[in-house]
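After this come two complexes, each holding chain A, first together with chain B and then together with chain C.
Now for the complex of A and B:
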């Protein structure tokens, strides 16, 4: 090879960058999120059900929150009818967080894993399970 | 035609992934086997191409220059445009790779009355650089799916990229900008007749492929959502070489990753390999020092020459015997050499 030294150095530098995800995780515990559903309110529920089905919530809860925000603030609608026809008061703090009052053991579990930091809490208030993000 | 054909191929890829996952439930194939195969192809193919280039001799010394060559001390040397040393070449390469300087010089031939003028044409450069950097940033942001815990530089990039705080989930600018830039690059090929004339399926296909990857990514993030926690279980599994395939991930994810796998596998065999090629372009990476250092074509073999002296040496007896004059006659040797040296002195 002509200029073999330089080319091989280049290839090695490239590989160091490109294979980053393969060696970065070595030796690090692969902590999976474990959102806890053991809040007092949920324990008292007869039917342990969220606003919508669990599968739907896992993928689309941010969509629901966004829709709720628009419904409440733009259309002045403060009740939400879910797929089963059950009614919920539209409120992040008084609905979601009443059942899921353990924010750092619930919301944050997943969010830390997925590396999302919803900025909602800049304004919205979180009770006890709170402050820590 | 080329465009339609390439578009058809990309649509076929989407349908293959959709049928494979929805119809045949081949999640493990599309989520694990194909991505691994694609990544291995990518690395081996890319290294193979680069090594092959490295083995190809450069017969001529052909740096392109557009500045004053290093010359006499009072003539100002343009170090970037006509680098004379390795260090200057390195600087020029860095600027070429990071800022696409030679594309910045792109010109457009125009008619002004009956004269031909060359106007500046920066749009290609702008779209090109925006496209490459947003691609890079999107790629780096994807590391959040492959690392656990996520390194802080990824969070930093995410927070800058999402600082507009539009919508939920937070809008990432580079994703949209990437799609816009690649769309511009495609429209450019369609709208400029000369460029359309020279465009081949190999030019359209990567554009459509990247467009489709960005479009499925955007759909997945903002519209047809998937369970990112499960996706991350799959992707960290890939990175840790202990693959798992959680059920319940939407088909759109498999379409996205199948298109990405196609891109990776296609990469080393296509024009996209300019990722490596740019570093091995002789017109860019050679110093313009041909007046200081002799460039020898590496495949020059030692030419066998038979000089007149050798010829005479071999046949002198025969030449003398038939009366052919010879230069070097054993008795007249001194005479001749004197003459020869006189001659050469006279020339000087």
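Now for the complex of A and C:
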């Protein structure tokens, strides 16, 4: 092989450079998010249930929040009747955050892990303790 | 395997049909997730065909009468106070007679009109120019006549501020949060880069409450349904002469002023 030494050195440098993100992030990003549901309000609930099932909320909370805001604000339909017929006032601050008052451990935990930055909290106010800002 | 033209067309036709059925079935399965849930107007909400307000200025006598109303509104809506007129955010405020009714001034008006402040707020026009110019439909008209804005959609272009002939809209040049004395945790703040104004307290109407300014005005502000001939606002407008701001522009403002010269309403 002509110039074998140079080629192999080059390949090694390239590999080190290309795999840099992997060893740079070892031990950092793989800390699994651990959202908590242990707020005082939730602890007192007889039946620990969100507006819809846990599975549905986990997969579709962003969709339901989007529907909620459009329905409440634009259609003036500020009450949500869930699949079981229970009624809820549509309000992020007054309904969602009443139970999930631990924004740091409930919202931010996964959002940070997934690197999504919802701008809800620029306007919707959460009291200190739950507040990120 | 060979296929003639007729068989080929049959095959393609059937395949197309199958695909169509499959696609719509998948769509149906995925969309039906929460078919039992629904969105309804809140029970007990105040509703109307056309909300309107009457400002009876004879009921506002001292500086304190005005300030109480302004403070009550600005407090529950987390309206910031930047402390300078350039950045000012206002939902309800006062100005002089000649600024309220430009073109209506004359030098023989009663002396009291020279100093008397006039309440100003969003007129929730029938034909609101701010709604027409909004490029994202962030400002829109509700079916009950309220001109509402959706801060989620506002891109801060300020076309609405240019369009509004009443100066009812304010822009958040800076993050308002540090300038709110005491944040009401039940109401959102705004963020930098959106335009805001009076909403006739839609969040209170939804709970069956009158707008806050009406509640604390001691009868100086009257709120009701313009489309209902038996409503309080219609009763007052039937028996009193009223003015609207810049009605000649054709915007159809829904705030009516009774500026005195008559007995109590």
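Keep this in mind: the second predicted complex is superposed on the first by the 103 of 133 C-alpha atoms of A that agree within 3 Å, B and C clash if a C-alpha of one lies under 4 Å from a C-alpha of the other, contacts with A are read in each partner's own complex, and residues count from 1 in each chain.
The rule we apply is simple: a contact is a pair of C-beta atoms (placed from the backbone, for glycine too) under 8 Å apart; a residue touches a chain by one contact, two chains touch by 3 or more.
From a predicted model like this one, the values you see are computed outputs, not experimental measurements.
In the superposed model, A:9 lies in contact with neither chain B nor chain C.
By the document's definition of touching, of the two partners only chain C reaches A:123; chain B does not. When both complexes are overlaid on chain A, the residue A:24 reaches chain B alone and has no touch with chain C. Within the superposed three-chain model, A:60 lies in touch with chain B and with chain C [touch as defined at top]. Comparing the two interfaces of chain A, the one with chain B and the one with chain C have residues 60, 69, 119 in common. Residue ranges of chain A in contact with chain B, taken from their complex: 1-4, 7, 10-11, 14-15, 18, 20-22, 24-25, 28, 30-33, 55, 58-60, 62-63, 65-66, 69, 110, 113-119.
Here chain B touches chain A in the complex through residues 43, 47, 50-51, 54-58, 143-144, 146-151, 154-155, 158-159, 165, 167-170, 225-230, 232-233, 236, 239-241, 248, 250, 276, 279-280, 298, going by the rule given at the top.
Across the complex, chain C is touched by residues 52, 56, 60, 67, 69, 71, 73-85, 87, 89-90, 93-94, 119, 122-127, 133 of chain A.
Contacts from chain C toward chain A in the complex involve residues 33-34, 36-43, 45, 78, 140, 142-144, 148, 150-152, 177, 183, 185-192, 202, 206.
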